[in-house]
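As written, the chains take the letters A, B and C, and residue 1 is the first residue of each chain.
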Amino acid sequence: MTAAPLRLDPDRFFPLEPSARECARALYQTVAELPILSPHGHTDPVWFADNKPFDNATEVFLAPDHYVLRMLYSQGIALEELGVAARAGGPVADPRSAWRRFAENYHLFRATPSRLWLDHVFHDVFGLRQRLCAETADDYFDRIGAALARPEFAPRAVLERFKVEFLATTEGALDALSAHDRLRATPWARRITTTFRPDDVIDPDTPDFAANLAALADLTGADVARWSGYLDALRTRRAYFRARGALATDHGPASARTANLTPARAQALLDACLSGTADAADRELFRAQMLTEMALMSVEDGMVMQLHAGSWRNHNPQLFARFGANRGADIPQALDYVSALKPLLDRFGNDSRLSLIVFTLDEAAYARELAPLAGHYPCLKLGPAWWFHDSPEGMLRYRRQITETAGFYNTTGFNDDTRALFSIPARHDVARRIDCRFLAELVSEGRLDRDEAFELAYELAYGLSFSSYRLGQCLRRTPAPRIDG
Amino acid sequence: MTAAPLRLDPDRFFPLEPSARECARALYQTVAELPILSPHGHTDPVWFADNKPFDNATEVFLAPDHYVLRMLYSQGIALEELGVAARAGGPVADPRSAWRRFAENYHLFRATPSRLWLDHVFHDVFGLRQRLCAETADDYFDRIGAALARPEFAPRAVLERFKVEFLATTEGALDALSAHDRLRATPWARRITTTFRPDDVIDPDTPDFAANLAALADLTGADVARWSGYLDALRTRRAYFRARGALATDHGPASARTANLTPARAQALLDACLSGTADAADRELFRAQMLTEMALMSVEDGMVMQLHAGSWRNHNPQLFARFGANRGADIPQALDYVSALKPLLDRFGNDSRLSLIVFTLDEAAYARELAPLAGHYPCLKLGPAWWFHDSPEGMLRYRRQITETAGFYNTTGFNDDTRALFSIPARHDVARRIDCRFLAELVSEGRLDRDEAFELAYELAYGLSFSSYRLGQCLRRTPAPRIDG
Amino acid sequence: MTAAPLRLDPDRFFPLEPSARECARALYQTVAELPILSPHGHTDPVWFADNKPFDNATEVFLAPDHYVLRMLYSQGIALEELGVAARAGGPVADPRSAWRRFAENYHLFRATPSRLWLDHVFHDVFGLRQRLCAETADDYFDRIGAALARPEFAPRAVLERFKVEFLATTEGALDALSAHDRLRATPWARRITTTFRPDDVIDPDTPDFAANLAALADLTGADVARWSGYLDALRTRRAYFRARGALATDHGPASARTANLTPARAQALLDACLSGTADAADRELFRAQMLTEMALMSVEDGMVMQLHAGSWRNHNPQLFARFGANRGADIPQALDYVSALKPLLDRFGNDSRLSLIVFTLDEAAYARELAPLAGHYPCLKLGPAWWFHDSPEGMLRYRRQITETAGFYNTTGFNDDTRALFSIPARHDVARRIDCRFLAELVSEGRLDRDEAFELAYELAYGLSFSSYRLGQCLRRTPAPRIDG
């Protein structure tokens, strides 16, 4: 059997009708080469601080990508066969064997975004020209391994090559940020920053919550058992992150619930959470109050506040016990935003100093709740189609359900939210193409003027990310290209 | 800088593929000039009773349009800058300044239905040929102001020009209907009617509920503290509205919940609501019972019953305190219909004398609940895509999710639901074009015969509104055009 | 008036854009003539055991089709006029009169899947060439009646003609399966099987639950009042069904809730359910536990487990009292899967011996819950777009919302789920065409390679049904056609 060729359609994702396709192409040409802003992601800052080469294809493509692992696992392939070691030890496939297992099951990814991203990277970054399959597995592994050893595939070189102008990683509130400290001394200081993610110290459902607060007390010297001391400790850590370039916070609670409690009530809940006497309702209420406190601190210190709610983390207890977190067993649930966010919005909804970016996995909320909320409250913006919805269909649903009520300017532009470094340009490319397709369809249907579409293509690919994440604090804006469109 | 031209694509919203586009055009030609039926809206009857000219562009386009105000507000523009006075007074922009503020932010409305409607009115009604922007703001303001002073822009002339054959306004149950009384003596008597909206006297969550019931007692002489007297009072007010032409009632509760209580239980709830001892559950249950009572009265008196549920009114308390209602801070919520409507349907679901038209803001209910309910219960019909969904994408989602289960004949045709008089033809035009697009796509895909599409285009643009609102009581039906299709 | 012609567009449901249309055509040609696998349906096994001819059009098209009855009923047509007798007796239309009533209201079905299926059958199976309407009603009735009397329209001949390679009916756990017993002695033994549907003996909300358990005890000799005896009895009945060819079970609970209780707790609930002291929560919890028990038994005996949750059966009590079940008054509701299925998944989620096929009527769960669950858990697969969503738009929404997260290989292929024997090929044809359209659009948009689309067209039309229902136990797989595509 001959392996199939690997080709990327230069017009992929564009509309099929000729006039709309021409328009999409013209729009895309103006944004394809814009620098990448990646204000929300999960790459490892140690990669960039140390700049050591990656070792092999499995390390780069399988290990960090729970999208890939989950699909293979769903079809009965054990994680050990994919090179993922169980916590308790035991046999695990070597990288090449894991890669072969992946390759022979590559058909499972047909029409998924993983496939689109992977093919893009294989083709454009590694120069591969045959489709991945059982027959080509070893060739892929060899060529990718050889490439990774070359200096132009070292982490910083990759960022340059990908034209990543700005990249934010995400670290927990207790992180010492040593990698970021090392980066502060390099020309990358303003381009690679961290994000303050305090879930571990504000969500009492975190397994080691009390221990985390003890660590917080050690780091800050604050009396975290007192409500005011606890808030001071959080302010201290925010300042620590800000000093290392952080522009934003990130919050991933199970629900979007917020609260407005008195300090006395908050103190009582804090007591209960620390003593272990808090029940589930107490813990949720405490977390709800803490989201409002985080909004207040954002009003004070100007950090953009990102809210990713609604994923049931580690839904599969057997898998969690054996392999730990981030193995693809996080499952979204239906979510209410209208009553959940109200306490926070009652305090800060009309305050433009707050920039609250909300993401959702529950698309039923796009047109029903989130677009109406964002289309009214000055503090609120909508993050891009997220996680399972970071895909061609997912993005089209997002634009079609959001735009008519919230417009474009209450959205923030794309972010890649990824641990998979090499997929960053592929992910942004899909987003840029889909947005150009959406705009081109509007133009062709007489719903948007062509000159406006060009302005918007730049905003969606670059401008809105720049402004909504307030990147002007550390970066000069790359202007929109001249249009002769 | 030269302002961009303002153009309306004659094929806007039609499919791009040539055969479907040709079919959409052919369909649209047969409905474009049909008279407008507007059986549900919120224009001010005083306009038509007094027929005084409007004054300026801000009065016509900004003040009555919460869609426009909300979008500008969401981007941090104060309502005072848009000419909206705070209740407590204070500086407010004059109409021209407000208009400029709107004009310089016109880009915010790109790809929203507001933009489509506004451009349509600017172009077709006011003859403007440059796009609204900061540079053209004054020219717009001057030209629109000059036009409004001419007799053909007086309210009644505008209705004639727009071919509005029938228009229903909406008034509260306590309204004296004096404007409608004045209209009774004119040739407009049968063309402009009112709608009975009793929320203020049947929903105990209304702020002044007890006072409203006192007023109801004054108006009717009934003992509204007795359950039977209270129902009599409502019957009396319905008759008062019917005598002034009302054909329908309208209900905007927070939920769609209905109930079937005994008179004794209802009396106990009424007591509690009047004495202020009713808790939230009591008040909701009372409101639920009252929806069923309204259905009973509709069976008796033949008034069409409209149910618009699911909006959290005045979600922003700061804004409400400063500016009052209808400033764009109403936010939809998820809604159940299947259990909520059951008590009402248990009594009247099989009774064709009842015509219950249900609207929703929760599109997740279209295919899941509302189409199956309307595709079964004889009393039930689905109102058009409403409010945030009164838009090209919103209408397409509605047709695509409703039609296969409920068909076309369990829907009611478009209504504009607007306070913005000048936008009425633009709104109906969008609906007619989108419906023709939907039908044309069905024809081109072999899912509907072409001759049937022509019949349906007329039904969706005119016939279904005429029949489901029972307009034959006051109007002669404009027949379908001859088709040589 | 001349009746309109009845035509089937050979390219129906395909994309309109020429290159995508060509691709859809090419794909469809390779699957159009594949045998039909119907692993889930509700035809009457007596038809095939006795092979007696059908009598008339009303018996074939109206009586078994609640889709048709519900639409006519929704427009105020009494079921008696359609030939459906009330339980209490009374006048009922004869078959020809019922047919006329249907025919004169055929316009109600425009753009519904019923219309697509009916026209297909009328045209391809009965050779009719004029559209059904009042004028052609008698001609239809006469021609269809005459055809049905011919041997090639007898039930078994129809299955042959339709190339139905495998057909599963559905019987309750107490059914003696006498028709299937008779079939065992014929060449149809491996092609027509039953499905084990135990709702009546595991759901305590079933009206005659205690009586059903008494019957279960009679059939099996087990002590069904003891938890272990009750489970034994169910194992015995499963074995009885398996001995008659059953490969799968089917479950239609009101919710998807599952549980993991101790035997003692289960015994207590069983006691309460049998004594009539169980409240609604007890009954739901018992049913939840029984779903987990069914999963365990499927792990043991290898039967595929199908879960169809979320329909409120017999929502219309007046209609139910007069006519009984299956008259179109079942209404879907919003459903949670993520917490509901967790207890079952906690036990068997990682066990590939279990094949759990989940269907939904709540499309909001497609992308939010079901695709993420199926894209992770090895035991889980998604059934096709079901019931109200078994339609062109419904299937497209399904593919577009499912595929990017769950892929194709975590879905099961189409099943027709029908009582309407003659509509089976029409239903499969719609599914095959829509799937080819979906694939062709992916190819044309550069999201899928053309050779992969051909492989997938076969999988979606045949292969995935064969494998996910484990039909290799009784059938030889029809291979994919050679592609020169």
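Some observations on this one:
Definition applied: a residue touches a chain if its C-beta (ideal position, glycine included) is under 8 Å from a C-beta of that chain, and two chains touch if they have at least 3 such contacts.
Given the structure is predicted, the values throughout are model-derived calculations rather than measurements.
Superposition angle, subunit A onto subunit C, using Cα atoms only: 120 degrees, a multiple of 5 between 0 and 180. As for how the two copies subunit B and subunit C face one another, under half of their interface residue numbers coincide. Averaged C-alpha coordinates put the centre of subunit B at 40 Å from the centre of subunit C. Residue positions 17, 334, 364 of subunit C are each in touch with at least two other chains. Interface residues of subunit B facing subunit C in the complex, by the touch rule stated above, are 15, 17, 19-20, 334, 336, 338-339, 342, 345-346, 349-350, 352, 364, 367-369, 371-378, 380, 400-401, 403-410, 441-442, 444-449, 451-452, 455-456. Looking at the complex, you find that subunit B touches subunit A at residues 4, 7-9, 11-14, 16-17, 70-71, 73-76, 107-113, 116, 131, 312, 315-319, 328-334, 361-364, 388-389, 391-394, 397.
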